[in-house]
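Next come two complexes built around chain A: one with chain B, the other with chain C.
Let's look at the complex of A and B:
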């Protein structure tokens, strides 16, 4: 199959993603340095908050969304062996999303939208921020439609056959994202844009928080699913083995999608507008959604063990040494799993209804999500990039050794940066401060050494980001040529008579609708039943 | 469909672990008096100065007949009012926080006093401060350019000492 257009489509998305990443990484380094207060001449809260707002949007929304779209298009075409459906439609989605990014970037970089990537009302940024963000989401909906249509095309042509796992996961993610983005879309369309343009004068910030929480949890699974897809479908093959269980993988993806949606109130444990009962309900759901991660850990490590033993590894742990550590995808997963162990532990603390009070909104929180998101999730994006770039560009990877070095430095830098960040949180440092101004002497003095270590970690990370971009760029401009396709891992047991509920999303959509109604129905409705008082807009 | 025996076992173990956490959470939430603010009480943030409860002279600690305390604090860019307070240790305290303007958050390091302060809502937190000493009270949600400057001080003293001060009218240095 000639899929030159698909390659270009995927590569274009990837370049936007990693371009945004490169810019944001440099800003990240500036931020760790500025916030430490060690360099007086750098101090500027205006620049700091413009930078953090932009860094958050670029890392959280642009890197992820574009990476996921590019990955999805190429997974669809290569796993289903179908051309991407309606390419004009796909390019339109790309253009709309890119336009959104450009529109949002203008006020962000100009300091007119320093409301951070969570844009909590009633603080208001420039209207272009909200319009741009909306376009980015709308562009991503084009992608969702493409994925669902291709999935259906394939099912129609192959009735009763199991949909290839990679595509099953990608379709699950498209469906997840449609459900996920609805919450913030309602908030932006009915509250923030009308308020920013002056069509309405006040909004209920409690309602905004409820709607935002609808999106805030499942969005992290939207980011994570490509990583898990690589865990299950790409890594075992790269490691020289097989996938331990295809069926369990499907079950894991379904539980992820279904249970990541109705649990967003764990972000609102400390909010006055939600009563205990709802918080506890969402807390319970939060622990259910740890199940697919437990299962993934097991299946993926079992798959790696199969590979290690096939490569000649012996003994209880000998297989670990026999893994191809010099394969970027394999190294990426090993490091991702290591960060997942520590990050997962932190996540359990956050998720615990009582312990959350100790860490809520402290420096612990950015420490945690840099480790699990900037670490576990994103390091796998790098692994995927190293594998996809030669296939998509038709050029061999510029340097495998540099890729390995890049992954190690990312892991080391992330460990060095996030450990003190967690400790700062336990020492009471609030998140999102540009400088330390509290005259509480001993406590704030005790923060300083940790700030210094963070800068060191941030510098290593930025160096690592540079290596990644350099390697991809050199690959792209090379004169040599490379022929190859993405290869998917085979399960050790062929998938026979798969029950329909593991091959279709129909019934799961109904389950989600019911769960969402239960989890969010009344909490949203209450804002219309009780007497609420609107807030008017406030600048930054 | 093929599910490996080991995998079945592991799924069972995972379910057990998650179940255990849920049980622990439920026990702590139901029997240990968790302090999360979940009061769902609304208030007009634009007219706080006219309200019975949060008018300027009503802010700070108030001793209730049963010996517990109600502490009312207004958060607004960029400070907490009253700016300094003295509070008793080992006493049931009900904090009531409101915002004048945007979203804020507040915590007292090394304690479990933590809450978001959402405009339009009263955030009520019940807690006991166990250790005497000086504590900062820090804004922990981005509220604008001065976010890092938004803080106040509280001093926690023994209950007897506090009562003496309170009776002299010194506990709240507004």
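Let's look at the complex of A and C:
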């Protein structure tokens, strides 16, 4: 099958994703230096918040969305062995999303939309931020439609056959994203844009936060599913083994999609607008969603153990040393899992209803978020990039040794940066502040050694980001040629027949609809049933 | 590397992943202990918000 257009489509998405990543990485280093107060000439509240807002949008929305779309298009075409459905439609989605990024970037870089990537009304940014963000999401919906249509095309042509696991996971992600993005889409369309354009004078922040909580947790799984797809479908083959269980992987993806949606109130534990009962309901759901993570941990580590033993590893843990550590994809998963252990523990603390009060709105939260997102999720994006770039560009990877060095430096840098960040949170340092000095009182002076260590970690991360971009760029401009295709892992036991609930999403969409109605129905409706008082806009 | 007989290969593919079970038990146990340490050693001693 000639899939040159699909390769170009995927690569275009990847370049936007990693271009955004490169810019955001530099901003991250500036932020960690600025807030420390060690370099007075750098201190600027305006520039800091413009930078933090742009960093968040670029990393959280642009890197992820474009990477996921590019990855999805190529997974669809290579696993189903079908051309991408309606390429004009796919390119239109790319153009709409890119236009959204450009429009949002204008006020962000100009300091007119410093409301952070979570918007936080009643703070108000320039209308172009919200219009741009909307277009980015609308562009991603084109991708969702493409994935679902291709999934249905394949099922129609292959009735009763199990959908290839990688495509099953990608379709699960497209469905998850449609459900997930609906919350923030309603908030932006009916609250933020009308407020920013002056069509309404006040906004109900409680309703905004409830709608954003609808999106805020499952978006993490939207980001994470490509990482899990690589865990299950790519890594076992790269490690020299097999997938331990195809059925367990499908079950994990289904539980992720179903239970990541109705649990967003764990972000609102301290919000007065939601009663304890709703918060506890969501807290229980939050602990349920740890189940697919444990299933994934078991299945992928078992797959690695099989690979290690097939490579000659002996004993209880001897197989670990027998894994091909010089393979970027394999190294990426090992480092990702290590960060998942510590990041996952931080998540358990966050999700604990009582103990959350100890870390709420402290530096612990961005420390946790960077470890689990910037660590576990994004390091796997790097592993995927190193594997996909030669296939997509038709050029061999410029340097495997540089890729390995980059992954190690990313892991080391992230560990060095996030450990003091967690500690600072436990010491009471608030998050989202442009300066941590507070006139040099004794408490804040005790934070300084941790700030210095964080700067060191941030510098290593920026260096690592540079290595990644340099390696990908040199690969892209190489004159050599490479012929290869993505290879998917086979399960130990071939899956020939699956119950419909492990091969279809119909029943699960109904379950999600019921769960969402239960979890968010009344909490949203209450804002229309009782008298509420809107807030005037803050900011611009 | 990969110089296994067919029998050895089959045995590996059919055996229980004991290393994985052990690792996960260690990680799971460690998380429970760490959570308890934080709850009883750090959170509760801080007392009520005053």
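FYI, the second predicted complex is superposed on the first by the 536 of 540 C-alpha atoms of A that agree within 3 Å, B and C clash if a C-alpha of one lies under 4 Å from a C-alpha of the other, contacts with A are read in each partner's own complex, and residues count from 1 in each chain.
Everything that follows uses one rule, which is that a contact is a pair of C-beta atoms (placed from the backbone, for glycine too) under 8 Å apart; a residue touches a chain by one contact, two chains touch by 3 or more.
Note that the structure is predicted; figures quoted are calculated from it, not measured.
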item: Partner chain in contact with A:325 - chain B first, chain C second, else both or neither; value: neither
item: First, second, both or neither for A:522, with chain B first and chain C second; value: neither
item: Which superposed partner A:39 touches (first chain B, second chain C, both, neither); value: neither
item: Partner chain in contact with A:122 - chain B first, chain C second, else both or neither; value: first
item: Partner chain in contact with A:275 - chain B first, chain C second, else both or neither; value: first
item: Which of chain B and chain C A:434 touches, first, second, both or neither; value: first
item: Which of chain B and chain C A:298 touches, first, second, both or neither; value: both
item: Dominant toucher of chain A (residue count), chain B or chain C; value: B
item: Partner chain(s) touched by A:349 [first = chain B, second = chain C, both, neither]; value: second
item: Overlap of the chain B and chain C footprints on chain A, listed as residue numbers; value: 244, 294, 298, 302, 348, 352, 354, 357-358
item: Chain A-touching residues of chain C, taken from the complex the two chains share; value: 1-4, 9, 12-13, 17-20, 22-24, 27-28, 31, 34-35, 38-39, 42-43, 46, 49
item: Touch list for chain A against partner chain B, complex; value: 45-46, 49, 114, 116, 120-123, 204-206, 209, 244-245, 247-248, 268-276, 279-280, 283-284, 287-288, 290-291, 294-295, 298-299, 302, 348, 352-354, 356-358, 360-362, 427-428, 430-438, 440, 443, 493, 495-499, 502, 526, 530-536, 538-540
item: Of chain A, residues touching chain C in the complex; value: 240, 242, 244, 294, 297-298, 301-302, 304-306, 309-312, 316-317, 319-320, 341, 344-345, 348-349, 352, 354-355, 357-358, 426, 492
item: In the complex, chain B residues that touch chain A; value: 1-4, 6-7, 10-11, 14-15, 17-19, 21-22, 24-26, 28-29, 32, 34-46, 97, 101-103, 105, 107, 109-110, 112-124, 134-136, 138-149, 151, 153
